[in-house]
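Read through the structure below, which is laid out as structure tokens, and then see the notes.
Chains here go by letter, A, B, C and D, matching the order in which they are written, and residues are numbered from 1 within each.
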Amino acid sequence: MRRRLIVGVMGGGAADRRTTELAYRLGRLIAAADWILLNGGRNCGVMAASAQGAKENGGLTIGILPDADRRQAAPWIDVAIVTGMGSARNAINVLSSDVVVACTGGAGTLSEIALALKAGRTVILLEFDVRSAFAGQTAAGRLLLAATPEEVIAQIRRLHPVAPQTHPA
Amino acid sequence: MRRRLIVGVMGGGAADRRTTELAYRLGRLIAAADWILLNGGRNCGVMAASAQGAKENGGLTIGILPDADRRQAAPWIDVAIVTGMGSARNAINVLSSDVVVACTGGAGTLSEIALALKAGRTVILLEFDVRSAFAGQTAAGRLLLAATPEEVIAQIRRLHPVAPQTHPA
Amino acid sequence: MRRRLIVGVMGGGAADRRTTELAYRLGRLIAAADWILLNGGRNCGVMAASAQGAKENGGLTIGILPDADRRQAAPWIDVAIVTGMGSARNAINVLSSDVVVACTGGAGTLSEIALALKAGRTVILLEFDVRSAFAGQTAAGRLLLAATPEEVIAQIRRLHPVAPQTHPA
Amino acid sequence: MRRRLIVGVMGGGAADRRTTELAYRLGRLIAAADWILLNGGRNCGVMAASAQGAKENGGLTIGILPDADRRQAAPWIDVAIVTGMGSARNAINVLSSDVVVACTGGAGTLSEIALALKAGRTVILLEFDVRSAFAGQTAAGRLLLAATPEEVIAQIRRLHPVAPQTHPA
């Protein structure tokens, strides 16, 4: 069987207008590609915007909440996973994603980029160039840059030309 | 907005034939009610059977995996949440569920019943009467018994007569 | 090299006078045996009482806190491990213990007994006989009953006649 | 009551000779200051070296292990906290530390720096200048640079001139 690709979208809970718009457009395109959008689930910043974009385009949205209270979730989240684990849930965000996209963010987003690289995931940076922090590391080859949401989608298609197989096949 | 109810189905990774059949039927009924099925995601026992039942009836299935490897997931799981946290993920299973159903299981299932009660969830025991372990506790009133999957569904309908509201409303 | 044995003491955050006194005496005896006491760290019930007993007898006390705030810790805790993970930290409590003692408690304590058995630990029940909940399970052989703190110590000595070796040896 | 300060020492599991020597010296100085050393606990790189330095100087060493197996621990770890949570334990490392020191490392260490800043901790970078990655962030003021282990100690003394109070006082 085939399963739908899961695209993790990370980025700041506090986001400026441009970042929010990019996140919304990215969410729309992820839904259009029939991929599942996964993010941190809260009702603010990149999380809310990307979920809204996906949901308004018919997508499926998963939010991994840091707190123990489901009411934190943005209303565009279809399935809220309630961890009650604070930032430790960042590790779940990246492990659960086939590929990670990082929009502009703060220390939380940087932790997710680092955890994703540590876990062997490829990370696509959307207008958030932090490659210098990882220069010289073996994981640096899995850190890609994209200028637009459309470019993110094209990069994901190159990385995953076909839908993943379930296991056992 | 309204969201779909999330029903957590717990139970043994090693399950006998009768337990497996009950879990399969329960999964079918959860899908028929248009609820989301959430379980531990692995490809064995109650997890695989309940996911298969839901999936073959058009349901949406979420699996919270203990290990860091997505290939653990049963093929009937639509969205695998990869925690890499072992049994600590049991806390996520119950926090993420609006209501928890416990089929026959072992120590892992008992830990989930206890964690669910601790987190304020109602637990419906399907042919797995462990009420004596919780006798005398304040949480005991949230521990219900059901003889059939159909009765589980009826009990959930009584607990949740309408689909939950998203927050903020 | 040898290392000191770690004894996990579980039990209710709300505890009656008798349970509190037993926990205090147990803490004293664990310190007298030169073992490390590990518990849930909070400043109430069995956690505070067992830590006080150990600390006032010169012991070393480790508390695994559920919340993200160190100020939760009982003042008799030498080292507070701050998890910010709520009840998911119960899994850490038992994995970190060489042997687990369960004093009287509620759903949280029951979850720790179940998680300990699942993780292959032996659990000694001090005046908290919940063996019926685990009857018929393969893990039931690792569930022992003790009538007094002194008996708990004797049972631990039988299980661990010499201090464990560090690894690599 | 006063309690001992907990100094978290992060850094690569794979470390070159110079980094290992710095970590060892840092561990010695932390023990000499009568602080508790906390790290990731494994028997390699900065974890093993800093624990050895502290232990050989009479210090107390706490290791927060990623896996579920205590035998991972370096032999210089007095208390191994067994999380079974992989990199999610990085969040525990920094929450449990009063102050975090980062020696040279890879993606895991970067995740710990980011998580520490997110959690409000001050991070002292020992010959590991990744300040550019956090430039422009509000947390940047809590990211300090040190050229030697001795300078790290002096910075910690400035941040914590007296031992912390336990709570409740």
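By definition in this document, a contact is a pair of C-beta atoms (placed from the backbone, for glycine too) under 8 Å apart; a residue touches a chain by one contact, two chains touch by 3 or more.
The shown structure was predicted, so the numbers you read here are calculated from the model rather than taken from an experiment.
Note whether the interface between chain B and chain C is symmetric in residue numbering, meaning over half of all numbers used appear on both sides, and answer same or different.
same
Which one of the chains is farthest from chain D, going by Cα centres?
Of all the other chains, the one whose centre lies farthest from chain D is B.
At what distance in angstrom does the C-alpha mean of chain C lie from that of chain B?
29
Between chain A and chain C, what distance separates the C-alpha centroids? Give it in angstrom.
Chain centres of chain A and chain C, defined by C-alpha means, are spaced 40 Å apart.
Would you pick out the residues of chain A that each touch at least 2 other chains?
As it turns out, chain A has residues touching two or more other chains at 68, 83-88, 91-92, 119.
Which of the residues in chain C end up touching chain A in this complex?
Checking each residue of chain C against chain A gives 68, 83-88.
Quick one: in the complex, what on chain B touches chain A?
Contact set of chain B toward chain A: 1, 3-4, 6, 36, 43, 60, 62, 64, 68, 70-73, 75, 77-85, 91-92, 95-96, 119, 166-168.
Contact residues on chain C for chain B in the complex?
On the chain C side, the touching residues are 85-92, 106-108, 110-111, 114-115, 117-119, 130, 132-134, 137-139.
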